[in-house]
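What follows is a set of structures to go through.
Both complexes shown next keep chain A, but they swap its partner, so chain B is in the first and chain C is in the second.
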Partner chain A sequence: MTEEKKPEERKKRRTATEAASKIGPMVKAAIGGTVQAREEGKPLAYSFICCCYDEIIRAMDVIPVWTENYAGVCGAKRDAQRFLERAEAENFSRSLCTYALCGLGFDAWREELGEMPPEAPWGGQARPDMMLGSGQMLCDPRNKWYQAAQQYMPDVPVYDVGLPWPPYEDDYDYREVQDYYVKYIVAELKGLVQFLEKHTGRKMDWDHLSELVDLTDRTWNLIWETYELRRAVPSVMGTGDAMNTMVPMVFMMATQEAYDFYQELNDELKHKIANKEGEIPDEKYRLIWGGGLPSWFALSDFNYFNSKGAVFPVEVTYRMIEATYNFDMDLSKVTDPLEHIAWRWVKFWTYWYDRARKRPGSHPDVERLIKYIEDYKIDGIVMHEAFSCRSWHVGLIWQLNMLKKVYKDIPSLILESDIVDISSYNEADTKARIDAFIDTLEAVKSR
Partner chain B sequence: MRKQYFAGVDIGSTMTKVVIMDQEVIASVIGATGPEHRKLANRVMEEALAKAGLPFDDITYVVATGYGRINVPFADKQITEISCHAKGVAYFLPEVRTVIDIGGQDSKGIKLKDGRAVDFVMNDKCAAGTGRFLEVTAEGLGVKLEDMGKLALTAKNAVGIANTCTVFATQEVVSKLAEGVALADVIAGLHEAIAARIYSMIGRLKIEREVALTGGGAKNIGLVKALEARLGYKVLVPPEPLLTGAIGAALMGRDIVKEAEEKGTPLVRAERRLTEATFFT
Partner chain C sequence: MPEKAVVKGLAAAERLYQDYGVRARELKEQGQKILGYLCAFVPLEIVTAAGFMPFRIKGDVNEPITKADTEMETIVCPLVRSCFDMALKGNYDFLEGIVIPHACDSICRTYDVWKYTLNLPYAHFINMPHTTGDSSLDFYRDILNTFRTSLGRFAGKEISDQELARAVELHNRQRAKVRELYELRKASPPLISGEEVARVLIAAISIPVAESIELLGDVIEEVGQRGRAPAPKKARIMVIGAQVDSIAFIKLIEDSGAWVVADDLCPGAREFMSSVDLTADPIEGIAERYLRKVKCGRTYREMKGNYEEDLEDRFGHMRRMIDDFKVDGVVLYIYKYCDPFGFEVPQIKSYIEAKGTPVLYLEDEYSMSTIGRLRTRVQAFLEMLG
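Presenting the complex of A and B:
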């Protein structure tokens, strides 16, 4: 019986930074906060990260319930299987996104019981008043998950905000069409505001929204500057920590708390650099986490890399910001908050396009890897193919092949598992692959 | 100067291999790993020493490799099978640039440069594409595993096996036989299926000639031919394809000793006592 299964919790991962070690309690408090908010009758919305509606929901005092985050927490606590099995019993395919499956399994169970499933990790995922989906190129569960969740919560309305961006083509300049995209996104965001006003009975405070948009810009820039500090040799903070420090970036954006967190991290990294405090004592190999979401139940694998002298000063995953002052436009001149958000969105997703067009056969994702490899003095690349996450992972091998073709041959490792489903993971095999990869790094370095 | 001997112990998922070398292989033993593999390393080592006519104290350095390498308490060093296979293949076939190793429960591709592994891929998730695939289907067909390869070569018209899952492929071959398809044609189809799986996995490495085939799979002539058909050219097979990892391990040991002697650094060696591993106990 799924109800009787006990989670197999793992010992905590060692963090290199103080900041990263604070994230667990922060997430726990945030999840607990949503459960309490539910009891207090405050409006809650199921939300996705990277949907550029952070400022809008914060300005409307709608409390986000980050469903991907909760599934990740269940995975990290090795307590997701019972929710995955529940979703499977509801006839959802096991090959769908396991974030979605975990969430749907949880929702089905909670709605059936009329209360949280027994021993729900960190108090459980609160029932929402609305669900904010997103039709975009990032992934398909973003507009299907919440529609499916309505089977269990037919009274909870869904708003699906369309957030496209111009696709990359090497033979045209996306700027020719960018205005249309911005116009479309603004219309979608206006629709979201109307939806929120209707379901909360509140009116949008546009001045407050503008303040939060400005705060978000400043936070983006601060994060970019902070993460750029990680170019330092020895590495002061690795991807293992970054999988924690991404929390304020994606779950707390448009809050002063997020800004303050990165200021603190910035100070900490500067201090470490000044004192030459590397994350490990004997750094031999500098690696990039070149793609793929991590296995939340196996973050300790980063410690295993560390034990072999390998560090990850940079990653492409969950670095969902760029410095707005590096965009090819002066974003500060866009004073309408919704337009501002739309432009920031389009400029973020098209940021690497121009570089790619300059290198025949390249691609924006490949250019990003190349830039990081050079800036962070990288020796090898590690990617993770999470079987259940198609949209983010389907092109990884292609990217790797393109990188080797248009740039240079670089040692690479593909790990295979999942984000949440621990049945896909074999610790011994993973370590065997890491060991072999370290050997190849050594062979290449000593040539 | 005292003569130096080097031992390589390769504990694979199915077979345990030990070689003892001076300049060449002077003794080798291959034994089934089995469920008692943690106790086997010392026994196979004992047998190899007896064959070589050497006391254990005469072994200068012992390197363990393979997935069970941690279960060799008398090894001086553990080195991954990727590195050891690369070393072993380069020793026999220096012209090789790509190694395909088909083991009992995994398969891997290794890219070589200057005799060292510089890239690799592994299949350790799925039995299809490993020796286990043929083992299970042979059992389902009632055919001896060692006869499978030769039988495949007698096929007139190999049938396609659609299922990549080992369990369902076994069901599929049984139903093919029920349809009246000749046994040899079914077996040839199985070999083509496993070759296709391996080829697609190795394809990630950008296969460069020459290609060597090692592991138990290299002893199956049907599989060798099926892979050659996929590649479009002949593959090379070392003299004893099961031993390349163990030989590579012994050679690694030789390099380690040589380097230590040149640099004048002390060698860290395990106690020369053939005890059972206590890793799991």
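Presenting the complex of A and C:
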């Protein structure tokens, strides 16, 4: 029986920074906080990362329950299988997003019991009062998951925020269309505010929202400046740590706590740079994590890379910010908070478009890789193809082909597994592939 | 005038089905420019109004996917991979360009792969919103006007309202013909088999819309002349799924001793049952139809009323079809890695079963290699229906 399955023992990953080592307890406290908030009758909302509604829900004192995060925690604790199997028993295909399957399996079980499933990781995922989906060009589960969850919680309303951005096209410049994108996003965000007001009985404090929008801008800029410090040689912080330090970026944005976290990280990295304190003693290969979410149950693979002399000073995954002062507009002049959020969203997603136009045949995603390869002195590229997620894991092969075509041939490795489903993971095979990749890097370096 | 096919009706459909793209190839030689598209969410009226022939890109369940894997991950839905594989193998080398809609992740997230790998003179992404509220409809009108301008630039002309209105009328006539064809399935036994309907519709999406109207008319006339011979009673089946662009699965069901009399498929009822309203600004009617009338899992329909009313809003058209076509059982036929439909399976299944109609859920991989396994499941289902 699935209920009787016990989680496998997991290995704890070694972190390079103090900041990263604090993340686990922070996440645990946050998840526990949502369970506590539920008991206290505070409004809870199932939420997705990267939906630009952080400031809005924080300003309304709605407590986000980050469902992707909880699935990732179940994965990292190697205790997701029983929830995945429950979802499968409900007739959800195992080929669907395993964050969603884990969440749906959990919800089905919790609602059936009327309480948390037994030994639920970190106290479990609290029942929400509302669910906030989104329609983007990024991820179908964002508008299907919560709709599907309503079969277990038919009383919990869903609001789906339309959040598109202009695609990169040859036949027109995105600036020709950006105004109507912003107009639409603002309308959708207004709808979200009305939805939250209706279901919480509270009114939006627009001045407070403006303060949080400003705090978010400052946090974005601080993160960008902090991550740029990682250009240092030797590498002071790797992607393994960044998979932790992304937590305040995506789950705590629009809070002072997030800003303070990055200030501390910034100070720590500067200190390490001043003392030439690398994440490993003998750095041989500098790699970029060029795409894909990590296998949360196998983050110690980053330590395995480290043991071979490889470091990851940069990644594209979870670098969900740009410096707002680098945009092609003065964002500070947009004083309406919803418009400000909408412009920031559109400018973030179109940030690399102009660079791509300058290199014949290139593409923004490829340009971003090239810029990081050059800025961070990269020797090789590693990606991860998670079988259950088409959002972040489609186009990786093509990007590598494009990179070779418009830039240069660079050693690359695509690992294959999943974000949550450990049954897709083969440790021996993964290590063998890493070993072979390291051999390739060495051969290229020796030329 | 383009040269017409020498055979008519079902025989013409068979030729067009077996040699998919044959008519497009003929027309290309005569100077017709052809735009390929994926999915039911490309507003074909705009393509037709611009003077292009819209051509539906389809896969091939008989062809192993090989070339596509060098550019596209195997976690993409197998239908899209097969379509791309067919394109890479030169089956659609008559295309002047491609138009790809924001349908699902497998289509949306591979747009750049299609665009850069095929490197056709024209490529455009229709950034259709996921939600259907008024602000989404306004936004979608803007998206359609961007497409109209872009395609006009490529065609070297401005697409006029009159041209759009004519295209709307033409495509509506085609949809009306399909609805007429479906009426023939209501009889017991149905006057036309599910396999024949599938073949005709697949043929119809590979030829100019005016020719498809003629093809459909010929088929309706031909089938109407069939005698109504008594036949042993068989289970009447409805198939629900995404794009089923091969007759193989429908044939399997009918070979197992049932009639496939209804569907919610593409090409099929999903994309042919609703028409575009003729509005003063034709874009208005086009936007309304594609965003709100075509009911597909890719579109999030805002909840109206309580949960049961929401299910009725999302799936009520399936129930009505079950009633109208006197369906005995439903086969929910979903491809692996299909996010929009995959998430809906439990809700569709329980909704239909709650109305008293049994449902068989099958997950498949878009390949003839799975036919044997599917046949066993279908036969067991039909036995259960009795």
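Just so we're on the same page, the second predicted complex is superposed on the first by the 446 of 447 C-alpha atoms of A that agree within 3 Å, B and C clash if a C-alpha of one lies under 4 Å from a C-alpha of the other, contacts with A are read in each partner's own complex, and residues count from 1 in each chain.
Please note the rule applied: a contact is a pair of C-beta atoms (placed from the backbone, for glycine too) under 8 Å apart; a residue touches a chain by one contact, two chains touch by 3 or more.
For clarity, every value in this text was computed on a predicted model and none was experimentally measured.
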item: Which of chain B and chain C A:Arg447 touches, first, second, both or neither; value: first
item: First, second, both or neither for A:Arg433, with chain B first and chain C second; value: first
item: Chain A: partner with more touched residues, chain B or chain C; value: C
item: Touching partner for A:Tyr184 - first (chain B), second (chain C), both, neither; value: second
item: Contacts of A:Ser412 with chain B and chain C, given as first, second, both or neither; value: first
item: A:Ile397 touches, of chain B and chain C: first, second, both or neither?; value: both
item: First, second, both or neither for A:Ser210, with chain B first and chain C second; value: neither
item: Chain B versus chain C as contact partner of A:Ser300, first or second or both or neither; value: neither
item: Set intersection of chain A contacts, chain C complex versus chain B complex; value: 397, 401
item: Residues of chain C that touch chain A when the two form their complex; value: 70-73, 75-76, 102, 104-106, 108-113, 116-117, 122-125, 127, 129-131, 133, 135-136, 138-139, 142, 146, 149-150, 153-154, 297-298, 300, 302-303, 306-308, 310, 334, 336-340, 342-347, 349-350, 361, 363
item: Interfacial residue positions of chain B with respect to chain A in the complex; value: 67, 79-83, 113-114, 116-122, 124-125, 204, 206
item: Parts of chain A lying in touch with chain B, wherever the complex brings them together; value: 397, 401, 404, 409, 411-412, 414, 416, 426, 428-429, 432-433, 435-437, 439-440, 443-444, 447
item: Contacting residues of chain A [partner chain C, same complex]; value: 90-93, 95-97, 100, 133, 135-137, 139-141, 143-145, 147-148, 150-151, 154-155, 157-158, 160-162, 164, 166-172, 176-177, 180-181, 183-184, 187-188, 191, 361, 363, 365, 385-391, 393-398, 401-402
